[in-house]
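What follows is a pair of complexes built around chain A, which joins chain B in one and chain C in the other.
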Partner chain A sequence: MVRHRIPVTLEEALEHLNETTYKIIAGGTDLMVQNRAWSELPPKFDAPLLFCFNLEALKYVKEENAFIKIGSMTDLETLLHHPLTPEILRKVIYEMASPAIRKVSTLSGNIGNASPAADSLLALYALDAKVEIKSQKETRLSTVSELILGPRKTALKQNEIITEIIIPKSSFTQTCFVKVGGRRADAISKVAFVGCASVENNVIKDIRMTINAVAARLIRRQDIEKGLCEKTPDEVKQNVNAILEAYSTSIQPIDDQRSNKDYRKYTANNLIKAFLNTL
Partner chain B sequence: MSTINKSVPKVEAKDKISGKMKYVSDYHVEGLHYAKTVRSTIAKGVIQSIELPPLPEGVTIVDYQDIPGKNVVKMIYEDWPVFAEKNISHYGEPIMLVVGPSKEMVQAVFDKIKITYQEETPIFDMVQSKVDYHFTKGDPQTAFQEAKKTIKYTYETGYQEQAYIEPQGFIGTLEDEKVTLIGSIQAPYYVKNAVIDTLSCKPEDVRIIQATVGGAFGGKEEFPSLIGCQLAVALKKVKKPIKLIYEREEDMEVTTKRHPSKITMEAAIDEENNITAIKSHVGIDGGAFLGLSSVVLSRAMIAATSAYTINHLQVDGDVYITNTVPNGAFRGFGAPQMIFAVEMFINHLAKDLNEDVHDFRLRHLAKQGDKTTTSGTFRDPILMPEMIKKACQISGYHKKKALYESSEKMKGIGMSWFLHGCGFTGSGEADHIKAKVKLRKDEADHVYLEIAAVDMGQGAKTTLMKVAAEVLELPLEAIHFANPDTDIVPDSGPTVASRTAMVVGGLVARAAQEINENWQSGKPQIVHKSYKQPDYMEWDQATFNGDAYPAYSWGVNVVEVSVDPASLEVRVEHIWSVYDVGKSLDDNIVIGQADGGTAQGVAYGYLEVMNHRNGKLLQKNMTDYVIPTAVDMAKTETVLFDNPFAYGPYGAKGAGELTLVGGAPAVAIAIEMAINKRVSKIPATPEYLMELMNND
Partner chain C sequence: MTKITFTFNGKPIELHTDPSRRFLDVIRNDLKHTGPKEGCGEGECGACAVLINGHIVNSCILPLANVHHQEVMTIEGFSKTKRYAVIEEAFIKEGAVQCGICIPGMIIAVESLLNRNPNPSDEEIRVGLSGNLCRCTGYNMIVKAVLRAKEMGKGLW
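What follows is the complex of A and B.
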């Protein structure tokens, strides 16, 4: 007998997680689709479900010292309109899915689902976001990029739940999000790109670039980014081909029902180039 | 001039918007059973064994052995089985139904059925011709011999999915020997006739009722006959009411699509750089069974020069059978493929000949009195020159074209000119359909349209009721038009081929006229009318010679695009259209057809991608099969020209398909301008544009 749970407090949720294996549902916009069954029949889950959308204590956005902290059950539509939401994250959310989906979906769900084409992860990787993870006995922190191991695979343990997304406050002189999907709204990315940079006195002080849907995990190459810092925009622009060459070892896309690998690589390169040209 | 075009609220709009309207899935019958279709998991081969689990009480398997009549769905050719017997011809081919009192029970049995196959090598290329047609006009051979030069190109088009809102399905009941099917359908009598053959029963033992249809676009023309036959066989065996409604993915994976095509055109050019003759070969992929493919092919071939007149033609065509899902009816019915090829070809010829495209096209534009492709006559006035001027004026076409052609900005503007034959091809109306309508007046002087026409959202109810109200000088409230029920309405034909307003509407007008002339207030009156072909029409089906259609609707589309330099994504900025549909029976409804038709037609040209891998369709849900959202859809501006047709009600001709057929070439020509490369394939996706850009 499968017993699904709908806890109203985090303590209750953690207690359940300690007892047996649950699939954690925040908004359910991925899991319900992935496990759909013949209409009018319940979805086909192989594990009991822990519905966490009633954990009111995990719905918040707050500022603490140098961080923006987002409760893990905060929906994307709230984040879209919240004044504390970092600008680049807001740009990404604005183009995600549809208003109805955004109303129930969450950042923690996007992290837990670990799709290589997830858009919000672009911003979270670029912003060095961390997550707070809790079990009954322990609270730990992890960067988002370390938590995600591969397509649909995370390092989240069976008794753990993501409770908070922690984003270091940062300021950039420019940010850019380009989503390339099959259409202009309500689309899954063929490839998408986030670029953030700070250029002061014609010197690049900070630059971050993330790309999705071109490898098993999102791409962020901090080694390449470091090499671009303290250079002038012109030096970088003259060096574009070498930079693309450096990225090419990471950009390893596949053919699927939405696009093909040649186009994904072509477009990823063009998006990097276009961003560098705006510096 | 009649003011019938003045818009009224659609008669069913309130019920649809409020959610009150019942669709087939909303019907509930006491003791309802559920059916699920077991399908092949290979593209070609032979069934070796079928292993069934022990069946719980109440669960029944229905397959070909249960068919009392012929195991074939009655269409034009008898090659499409109701259930596969031994041979499998495509992935997803129906083998049997599992029927039971609950979905849980049906699913549990379904999951345990094991079928093994001897796989064979499937054929996916267009190499196995099953139907070939051929016709000529004038003397193409001499024209080619005398040509200064000849130019030849090949064009390809992909699948298109109808993407109606409501998936296919029926609810069936059995009373004594009588089968009743309520379904989401476009052609109640097609289903009825198919079921009669499959059950080998008396016509009065089959009753088909149309439930309110949530969109169809041709997808519910012939395919429902297959489901209807399967369900009827199941009803006879199980003897319980049964619901057989597809899920979205099942619907997308196994129902008919628009035929992919490969069209080669070769032109003979004279000293003045005019086209004297064209040789065309039209190849369409029929999928595993012919279905209506031969009719689709003939409509494509007859559109071989679209809105232009070329005096010498040789037109050949083939339907190729492949081990893929059968392709079938879809708004436009062969014309979108052909008109795409013709419009691209004319543009490419003008470029090769260093001719101004606009001038080159105008020199070849069809005029009243010209001979059609099938050597019939364009009898009615052709307003295209004025319509083209209007389209150029409202879109700023010439100025934008000059600007975009000389700029590096990746912007483009494209124009397409086209026609669409209204009604069935040739003598189809007179020889096969033989439409009948019945109008009944009751004691309260209310008039009931008893016709088989289906409103699938296109506005058939409102427009036909308006026609009757206008003729009878009655308020719309005194006119009634219930969903067709074959026990009540005569066969006024399927709701397809842009025939409903013109042909059925014409009959309704004549019947209403007769009631009006013999009006007896307070007394019931009944009038029947049957279709009569206009006297001038002559058609030889064997040679494709004569008047293929009683009338033509005409159109001009202009599409403006910009292409993103980094991603090569196309953004459609604006769409302008000018149409001659004879006489609009309701401006809002025609504009609705125009906006929807252009959205579907333009998206066919650049957005909608469907492919198969080893016979299995890859885009099988609305996430992966991308149709335009409101955000993708450009601003539209549509102008209607009055050009009344003598045999249509108030002069109305067809409007439903016309608005789709010109979208793809207009957007493709605009994209060509933006990227300065030749487009010869649709959909012109960013992936394809990348190939073009890389081929320097």
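What follows is the complex of A and C.
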């Protein structure tokens, strides 16, 4: 008989994870749907669950030196309204799901689920976010992008839990989020885009672009971004076709029930182009 | 079997059951409250909505464990409040109810919205209710009902 656990403290959760195999569940908005059984029956899981959503010690948002630190069980609705939430992350969360879903979903769930269409990851990749990961014996840091290996695959070990999301403070002269989906609320992206840039004295000082749902993992091409820095916006606009050409090796979408390859590729190109044109 | 305790429409509840069960099933089958409905069962329609600590949540994808030590209110509990009476009257006056199946969830969404923002604009109402589907009204009457409720109930939220 499976024995699910509802730990009261983080230490207790880490102890359980060290004992045997558990599936961590936060808000459950991905897991409860993915493991859905018939109505009136409990969902089916292949491991006992470790319920972490109500771990009070992991619910906080704070500022420390040059970083914003978010406890991993903070819900997205709280983040949406929190004054410390970085602007671009707020823009993304505003268009995720609905108020009811946001109240019971988390950034660590969006990361742990490792969907190629995850929206918060667009902002987390662009902001160079890291996560703090704990096991009973060790605490380590990883960038969000290195933690995600592919669809539904992360580099988390069986005894580890994400405890904190760490976002370096940054400022941009412009940020943009565009999500293309079937419905304004509660839609999984067909493709979505985040752009952040700083233009000073008509020179691009910083530029970051991320795209989801057009490859097995989110796309961020820092090599291309670097090439655009120290250029003027006009130089970049004149070069749009070459820039899109450079991105095309990474933009490798698939057909699925939400959209198709051609539409996704075409739209991703247009989103990059439109953002560059706003510089 | 795990012991789960929470407040349900103001009353303390203690259950010994599987904490991974959908809270909607616990509400309807164990607690015999049939106000929350099952529409999609996947978090997309809002028919199963309840208030947890005053905020809307979809009970069809909420594991029972996550309500441990929380305050839950369903449409049955909410219907005994003054704020409910205002929302009800506004919905009737605007003709915002047709078949009715979305309405328990819709009213929970209105309460949750007005809790956060007692004076929402037309657009803020549409965003606030965006997780609740209604196949009958076309939403305009519902939006008008919320605009009316916020005027009628000034000071209540």
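Keep in mind that, in the parts below, the second predicted complex is superposed on the first by the 279 of 279 C-alpha atoms of A that agree within 3 Å, B and C clash if a C-alpha of one lies under 4 Å from a C-alpha of the other, contacts with A are read in each partner's own complex, and residues count from 1 in each chain.
Here is the rule we use: a residue touches a chain if its C-beta (ideal position, glycine included) is under 8 Å from a C-beta of that chain, and two chains touch if they have at least 3 such contacts.
Worth saying up front: this structure is predicted, and the values here are computed from it rather than measured.
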Chain B versus chain C as contact partner of A:270, first or second or both or neither: first
First, second, both or neither for A:27, with chain B first and chain C second: second
Chain B versus chain C as contact partner of A:18, first or second or both or neither: neither
Chain B versus chain C as contact partner of A:185, first or second or both or neither: both
Partner chain(s) touched by A:258 [first = chain B, second = chain C, both, neither]: first
Touched partner set for A:202, first chain B, second chain C, both or neither: neither
First, second, both or neither for A:39, with chain B first and chain C second: both
Footprint overlap on chain A, where chain B in one structure and chain C in the other make contact: 39-40, 184-186
Interfacial residue positions of chain C with respect to chain A in the complex: 2, 4, 18-22, 25, 29, 38, 41-44, 46, 49, 52, 55-58, 61-63, 65-66, 68-70, 109, 112-113, 127-128, 130-132
Interface residues, chain A side, partner chain C - complex: 4, 6, 25, 27-29, 32-33, 36, 39-40, 42-43, 45, 49, 51, 53-54, 77, 97-101, 103-104, 184-186
Contact set on chain A toward chain B in their complex: 37-41, 178, 180, 182-188, 191, 256-260, 262-263, 266-267, 270-271, 273-274
Touching residues (chain side chain B, partner chain A) in the complex: 36, 103-104, 107, 247, 565-569, 571, 607, 609, 611, 618-619, 623-624, 626-632, 686-687, 690
